[in-house]
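In what follows, subunit A forms one complex with subunit B and a second complex with subunit C.
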Partner chain A sequence: MGPERLAFRLLLPSVAVLLLVIAYPVLRAVYGSFFDDRPMGPAAFIGFDNYARALWGAGGADFWAAFRVTFLFTVVTVVLEVLIGLGMAAIMHRSFRGRGLLRASVLVPWAIPTAVAAVLWRWAFDPRGIVNHLFGADVTWTGAEWPSKFAIVFADTWKTAPFVALLILAGLQIIPKEVYEAARIDGAGVLHRFRHITLPLVKPALVVAVLFRMLDALRLYDLPAILTNGANDTTTLSILVVRASLGDLKPGYGGALSTLTFLLIFVTAFLFVRLLGAGALGRDRT
Partner chain B sequence: MTFRKTRLAACASAGILTMLLSACGGGTPAASDDSGLGPGRGPIVFASGKDFTAEMNTLLAKWNEAHPQETVKMLELSASPDDQRASFVQNFQAKSSAYDVLWSDVVWTSEFASRGWLEPLDKAALGGPDILPTAVQTAEYDGKLYGAPFITNAALLFYRKDLVPEPPTTWAEMWAACDEHLTPEMSCYAGQFAQYEGLTVNAAEAVNGAGGAFLSDDGKTVAVDSPEARAGLQTLVDAMKNGKISKDAITYKEEESRRAFVEGRLMFLRNWPYVYTSAGAADSAVKDKFGTALLPGVNGPGSSSLGGIDLVVSAFSKHKETAKDWIAFMQSEETQRFVVAKMNQASVRAALYDDPELIAQSPYLPTLKQSLTTATPRPRTADYNAVTLAVQTNAYAALQGGKSVDQAITDMASQLSAAIAQ
Partner chain C sequence: MSTTAHEVRRWGGTAGLLLANGLVLVFCLAPFGWMVVSSLKPPAEIFDNRLLPANPSLVNYAAVFGSGSDFTLALRNSLVISASVTVISMVIGVFAAYALARLKFRGRNLVLGFFLAMSMFPGVAILSPVFQLFADWGWINTYQSMIIPDVGFSLPLGVWVLTTFFAAMPWELEAAARTDGATPSQAFRHVILPLSVPGVFTTAILVFISAWNEFMVANSMSQTPDVQPVTVAIAKFTGVSQFDQPFGTQMAAGVVVTVPLVILVLLFQRRIISGLTAGGVKG
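Then we have the complex of A and B:
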């Protein structure tokens, strides 16, 4: 038995586990989405009715509101996190005393479970909390539409910008010093070096970072669930899915919603990789 | 070394697989038939919410000593009601016999019963005249009893007796008392107005107090589109607008509002009896300065929403007879006395509210009894989750001023009919 076959066999148990815990629930939800949600007795096959209800039927208003707010959160947080992450990575890339400590401490927000961070931020954004206290403000952060959205974007950025920074830092570190030296000899200034060397060479890492963040942000759940419970137009698609399946006990309709969310995320990621990141995942450039 | 590592990895993943498979297979079925106890008897599992007092163990030990072959094991679930409900639902959907008796929030009982997940119970034995009738109502669905009321709960109006000598009985009296006695750093009134179940409770009290209702008594038709319901919601919206309710209160859940009162920032607070303990504690700013009264209404005292816990027996339990005996034990006078004295909860037995010994310990009991006997259960419907969401979102929008009261009630009515028609 060759080493490759051995490797294949050794991987089989893991593959089986993955199939069991990932493929089965996903397929089960898709299958279930074609059935109705009667309280008693066997569910009846209703084809695409659940999807029709979500997209243009009774659930349409909720679905499209959640769709809009989910994409709003995604665009705003990803842009902020990439900008801040780039800045943080640039600082961490330089050598100075205490760099190791800085790199480790930057990760602290990322290491805190999102649900715990959400509770901390709920206290901070309380009308009598630290945020109002520091700024001498009197804002009911979680009690009005735009302050709520701001609070969620802020907490999400606080938590995940360090993650983006680390991915970008990894990309920065593989850029050989010689390239910069050559550019400097040719008389390229700081901005030039950033635009023509750093950015193109760090792009693969950047694309991966943005992709990860986008996938994450599109299924945002914990922060709005804990900060606002979906009030003030902060009900994301994931909140809608959980509400339908677990809250309303409608696994069929919930399955349709989760399949739609899955498709949306898939299409968005696919378009992103196609349009921006061709090669970024390491196919036609090393 | 490499070989050892890969083998370890393979074993580990195989191990995980076995664990998963056995976890999926469920527990070993209990052998009830060869225990000599007869059918439906044997050890049972009680899935409960979080027991903050740890006193439940005393009750279990007492039962288990007397019934060595029908022991009860308590499985304490998360403190969050949503998580409790989620694990109950998963078990029911899998038709699992892992939980025999469950701790059901009063608003879940109809929902569970309507899906055929609960065993019907004997009303004469578990919902008789000694049990508060409002508590029994919460456990009924389609004319049958599906739960044994175990703990009940109704709201009280906490007020500052140092500032307001006589508690108000109507909203108008309450606002007048504030106009007269309010100090600048205080706000007049608060309940729970964040968008969650607490808002449904508060909105229901305002609407019920004005003579309105969300759904008909049987939960089958929408009743909210009425002048009374509009007047009820208007009371809260007006108070929010003119500052009688502080604008921070739109973020209040039970704890935030309790803190405001205990720190001396509130004249009147609508909350559950648990506030009594912390308001009377040594570090409270209102120690010895507060009293309890009934919630205000339009022409006299209002009507509280009803909270509490029913003990329900799973339709998939293998030991239903033991389960029924045990919930009867939990409802017995002796156990209920323990529930009041040691666990600080409101009993479902009316007689205990007149007990001098217990009143000495919890002086609010007579007021609570009045609040309980005039309380209104929240809508009893199989689609409670969608119903409460329709109430919450529209009441919240009205309180924020984003919707007029008229529009909020109209929207609520149409969303409620969609919710119960599903």
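Then we have the complex of A and C:
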């Protein structure tokens, strides 16, 4: 059997599953987005009406609110997670005693199911909960707009900053020690070494970590769905899509929303790679 | 004099590092610790916010596993679903990764791109059409309605990680076995397969954890407790009676669900980290 036949047979099962549960549904949703959502009878072709409705029609207010909230969450959580991740990675990189314990404990937030973490944070942010108690505050966290947003950002940052730290740590560990020694002998200070050695060398790892995190943050669903169920202006694009297509049983309009959502994700990822990471991602990685 | 100053500075550095280590540990573990503490508090003390339970009790765990609770069912369902997802993904993922890492064929980059693109769609984009499709097939509220989408979610990353592992393996050994007279299939089974166990195992842990943690698809596909996994069960927990504060019960259930994962993490942290970073960084 030639390599092409063999490769075809080996790849067939995986490709078939992905075609069935990802490619077909995505195309089906795009196709359905051009039809209306009448309760009975065959749906009628309506062109781009569903898109017009989402972008500047009756659904415009909801869509742009979800758009703003999703990008706000993405920017804030990714920035926080990278800053905290850098700090944690630097600490882990310098620790030799107890490194195993540190690395194992860093994996704990990542391993906890998001649904469980969301329930945990919902109780922690309860008016009578531990967060108010520790800070002597009296805030109804999940009952108002900004406290709700803060709670979601906090819960997401706790869960994923450690993961970002691990990705950065892997990048740090490939920097040879001699580079630092040489710089130190030449009289470079801590900040100088960080800016001119650590940052450029860790940049590929950082770019990949940020890209992964951005793609994830843009489709944020579990946390706000369980913490606030989208109340108080915390409805992300993903929640909006689920509400329209499964809650309101409007597959056409929901399809338009989901198409807009993944187009936004693609465009954001593309711009990010073009602007920041072209060099870092352009190498052969297999 | 200067030696003392140097020692003081070094001692200060070590203390600072220890403090920093402590901060990282608290950041990562305190919320999980709070979950354990809360799960041990009886309902009357659940909001006393003491850092240690005054009267530790297992009443919440009794409620989780007691009669009238479907949590044992949910644990079984999660186990069946996650184990099936892991086995299916690993078998077909190993095929695909072998082809991508070892075979030269036209369209290889296209296939790699396809896998990568399939991982970029948000889960919600597929939820409603898949629901429709499975409804037509009468699959709603079945295991397979959750297993097959989960396999689809885990395959792109799984194949990616496996391909990196396979590409880095010592394939000269396979060739050596061939020159010693082994058939291709013998060379694969006796030389390559044993060597690939660590990589496959690492990927399997990652796939298992992500399947165990899946919520969105399960939340729409499962409608009765006999197929509901733990993530959905916990989010829907109402406690022992409907007037009860389900806080303690939910926390006890959360601990039960998380402890197997924490044990996996403690046992296999090196493997998990190498798997997580293999996709992103070339070491």
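As a convention for this text, the second predicted complex is superposed on the first by the 272 of 286 C-alpha atoms of A that agree within 3 Å, B and C clash if a C-alpha of one lies under 4 Å from a C-alpha of the other, contacts with A are read in each partner's own complex, and residues count from 1 in each chain.
Note that a residue touches a chain if its C-beta (ideal position, glycine included) is under 8 Å from a C-beta of that chain, and two chains touch if they have at least 3 such contacts.
The shown structure was predicted, so the numbers you read here are calculated from the model rather than taken from an experiment.
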Which superposed partner A:V210 touches (first subunit B, second subunit C, both, neither): neither
Which superposed partner A:A269 touches (first subunit B, second subunit C, both, neither): second
Which superposed partner A:R128 touches (first subunit B, second subunit C, both, neither): both
Contacts of A:I174 with subunit B and subunit C, given as first, second, both or neither: second
Which of subunit B and subunit C A:L10 touches, first, second, both or neither: both
Superposition-derived comparison: subunit B or subunit C, residues of subunit A touched: C
Contacts of A:L227 with subunit B and subunit C, given as first, second, both or neither: neither
Touching partner for A:A58 - first (subunit B), second (subunit C), both, neither: first
Subunit B versus subunit C as contact partner of A:T142, first or second or both or neither: first
Touched partner set for A:V21, first subunit B, second subunit C, both or neither: both
Residues of subunit A at both interfaces, subunit B in one complex, subunit C in the other: 10, 13-14, 17, 20-21, 126, 128, 246, 251
Touching residues on subunit A, where the partner in the complex is subunit C: 3-4, 6-8, 10-11, 13-15, 17-18, 20-26, 28-29, 32, 84, 88, 91-92, 94-95, 98, 100-109, 111-121, 123-124, 126, 128-130, 133-134, 158, 161-163, 166-167, 170-171, 173-174, 204-205, 208-209, 212, 215, 218-219, 221-222, 225-226, 237-238, 241-242, 245-246, 251, 254-255, 258-259, 261-262, 265-266, 269, 285-286
Residues of subunit B touching subunit A in the complex: 6, 9-10, 13-14, 16-17, 20, 82, 85-86, 89, 93, 111, 114-116, 194-196, 247-248, 250-251, 256, 382-383, 385-386, 389, 393, 396, 400, 418, 422
Touch list for subunit A against partner subunit B, complex: 10, 13-14, 16-17, 20-21, 37, 39-40, 58, 126-128, 140-144, 228-232, 243, 246-251
Parts of subunit C lying in touch with subunit A, wherever the complex brings them together: 17, 20-21, 23-25, 27-29, 31-32, 34-35, 38, 47, 49, 91-93, 95-96, 98-101, 103-106, 108, 111-112, 114-115, 118, 120-133, 148-149, 151-152, 155-156, 159, 163-164, 167, 209, 212-213, 215-216, 220, 230-232, 234-235, 237, 247, 250-251, 254, 257-258, 261-262, 264-266, 269-270, 272-273, 276-277, 280-283
